[in-house]
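Every chain is named by a letter (A, B, C and D) in the order it is written, and numbering of its residues begins at 1.
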Amino acid sequence: MASSIRVRAIANGETTDVQTLIQHPMDSGFIKDDKGAFIPAHYIKELTFEHNGKPVFIADWGTAVSKDPYVKFAFKGGAKGDDLKVSWIDNKGESDIATFKIQ
Amino acid sequence: MRFWLTTLAILWVAHPACAADGIDPAADARAFRNFFVQKFPNVKLEDFANGPYALNEDMRRQWEEKEQFPPYEFSLEMGKELFAKPFVNGKHYADCFPDRGIGVRQDYPQFDDKSGKVVTLELALNRCREANGERAITYTGDDMAALTAYMAFTSRGKPFNIKIPDDPRALEAYENGKRYFYTRRGQLNFSCATCHVQNPGERLRAEVLAPALGILNAMPIYRSEWGSMGTTSRRFTTCNSQVRGVPLEPQSDEYRDLEYFLSYVSNGLPISGPGSRP
Amino acid sequence: MTTFEEGFPVTRRLVLRGAGSVALAGLGIASLGVPTGLAAANDKYPEEAFRQKDNKEAIKLLYGLPIEPSDKIKLDAPEIAENGAVVPISVSTSLADVTSIAFVVPENPNVLAAYYKIPQGTMPNVANRLKMAKTSNVIVIVESAGKLFSATKEVKVTVGGCGG
Amino acid sequence: MRISLRAVIRLCQVLVVLPLGSAAHAANSETDFKAAYAAADAAEREAGRLRNQWLATEAALTEAKKAAEKRDFDQAVAAAREAEALAKASIFQATNEKEAWKTLEIR
């Protein structure tokens, strides 16, 4: 299986811009299926970015983040070729982790 | 199928005016393009391939933001994998297409002189599967959407290049597609043109309607409403049910002819698919 | 038949702001497994705040401090969401020493949408995509040097992000 | 533009609802249902030949069948007649459009 995590991390001298897209249903628990039963909530709760072992961004998410969630941020430092470790865990305890090279 | 052909034949005989009018696709395409250019003088011609985003600034900004990392990325990637995956017999989709299927989306639909019918890209993909001993996949499903998304992506920027050969059957298919486009149907009494010719840029509920010019250049489309990528077949069938009509079978003659007409009148406009829409 | 790596044409209809690279090209993925980085977070997931139906309650649980509006926060959100399922919303601020940014949508079933912890050295700018059930204000709360500041913008939603 | 769309919808709804007024009379039998259903079904097939069936017709036919299974023949006959009226409206539409579509054409 391919990773659920897609990252574009680009060093721009002073800062590194990071964009992430994650494949996840982000079911809110408020939507009914075809038979009228509620689809149970299934959403990412925590998403963490680490550069050189140090967290640079932590997202705590609820049910209102869109399906296949996207987030963009920037941090100071970071050089081309550095590792950026990205991990998430959802409300069902499922998780994924991947490491990307800063471009 | 036979019923329909018979009905068509009857229509043809009953309305000799149609035949007498003469079918002139090139003139139609010019008129079609002029209509939209005059209606939206500030929109660049190639921008019509971006549908409602060409017409509405607030929506355009939302689109541009999403396009930085579009939600259809996963479907596109799946399409690339599916396209590259060999069939059981070892052959590939690429073996069924000119240029191994890369950068060819703008040439579909085509008129097939053997069968005397229009062949869309979706149909060509399934014919390729069947020719190689694989089962056809559903036209409205995610796999077909992903495959056509990938093929469109490799063709981005290439202008639609639909050909209508000098064959009365091809002209008839074109004309049938045109008639389907303008014919009011469903309980709401809407034609395709009601929304996409008379009212593009207007809101129908929350949706800003896309102009018919360039509308298929963006196919397939990821719709936020669907939360997934959808094929041209899916779009046509949902259009029919939205006007409270019973949709036809995907890739029925009518839909194929409609796709032929709509693609032809957008000749010269770039492929922009896969697109994203609300 | 493995030589199927024709590059994607760069004719994306939008110039991707210098990003250049296409995600499809596939960036190296090192390992798969259980995330270990979460323990490094300086505080826990605010479970209770995410359950709140009332924005005042949620904000109280999250911070327990008064909030004042600030013109140093730039909240960018559409006038009319093209679809409530995916509303792009971003924020940037010139406030100093920002440690967290929260997005609250008072008309959503659960009002707290997202809470971002901003470690030192991370820019106080976030862009994300949120679901909105109906027309609502979007409130962004920025924690700066231990104080709370907010900006608010209304987003009209005609097709809700909660299905139907 | 919005108003004109609405007006069309409204007009359509009125046209469809009109023939239903005469549907109500008491104590229908299974035979009545079968006759009413056969007429509706025939009209809907004709609409199918014209490639212009309506969702509402299909829904009314389904409703008629369900009511008949419950042996509620009044309801079943009413639904079948509604289906027939809808199917006939869709046939009228399709027939009319054989020429009328040209008024919308961009030339």
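Going forward, a residue touches a chain if its C-beta (ideal position, glycine included) is under 8 Å from a C-beta of that chain, and two chains touch if they have at least 3 such contacts.
Nothing here was measured: the structure is a model prediction, and the numbers come from that model.
Asks: In terms of C-beta pairs in contact, which of B-C and A-C ranks higher?
Replies: Most contacts of the two pairs: A-C.
Asks: State, to the nearest whole Å, the distance from the C-alpha centre of subunit C to the C-alpha centre of subunit D.
Replies: 49
Asks: Taking each chain's centre as the mean position of its Cα atoms, how many Å separate subunit B from subunit C?
Replies: Computed from C-alpha means, the inter-chain centre distance equals 35 Å.
Asks: Averaging only over C-alpha atoms, locate the centres of subunit A and subunit D and give their separation in whole Å.
Replies: Each chain's C-alpha centroid was found; their separation is 51 Å.
Asks: Centroid from C-alpha atoms only, then distance subunit A to subunit C, rounded to Å. What do you get?
Replies: Result: the chain centres lie 11 Å from each other.
Asks: Give me the residue numbers in subunit B that touch at least two other chains, ranges are fine.
Replies: 66, 68-69, 71, 73, 77, 203, 227 - these are the residues of subunit B that touch more than one other chain.
Asks: Return the residues of subunit A touching two or more other chains; collapse runs of consecutive numbers into ranges.
Replies: Residues 6, 8, 19, 21, 66-67, 70, 72.
Asks: Return all touching chain pairs.
Replies: Pairs of chains that touch one another: A-B, A-C, B-C, B-D.
Asks: Using the touch definition from the top, list the residues of subunit A that touch subunit C in their complex.
Replies: It is residues 3, 6-8, 10, 15, 19, 21, 26, 28, 30-32, 45-46, 48, 50, 54-67, 69-77, 83, 85, 87-89, 95-101, 103 of subunit A that touch subunit C.
Asks: Quick check on the complex: what are the subunit C residues that touch subunit B?
Replies: Residues 1, 4, 6, 8-9, 11-14, 16-17, 19, 23-24, 78-83, 85-88, 90, 127, 129, 157-159 of subunit C touch subunit B in their complex.
Asks: Spell out the residues on subunit C that touch subunit A in their complex, using ranges where they run on.
Replies: These residues of subunit C touch subunit A: 18-19, 21, 23, 27-38, 40-41, 45-46, 50, 85-87, 90, 105, 108-110, 112-119, 121-123, 125-133, 161-163.
Asks: If we count contacts the way the header does, which residues on subunit B are in touch with subunit D in the complex?
Replies: Touching subunit D from subunit B are residues 3-4, 7, 11, 14-15, 17, 28, 31-32, 35, 178-179, 182-191, 193-194, 197-199, 202-204, 241, 244-246, 248, 254.
Asks: In their shared complex, at which residues does subunit B touch subunit A?
Replies: Against subunit A, the touching part of subunit B is residues 66, 68-69, 71, 73-74, 77, 227.
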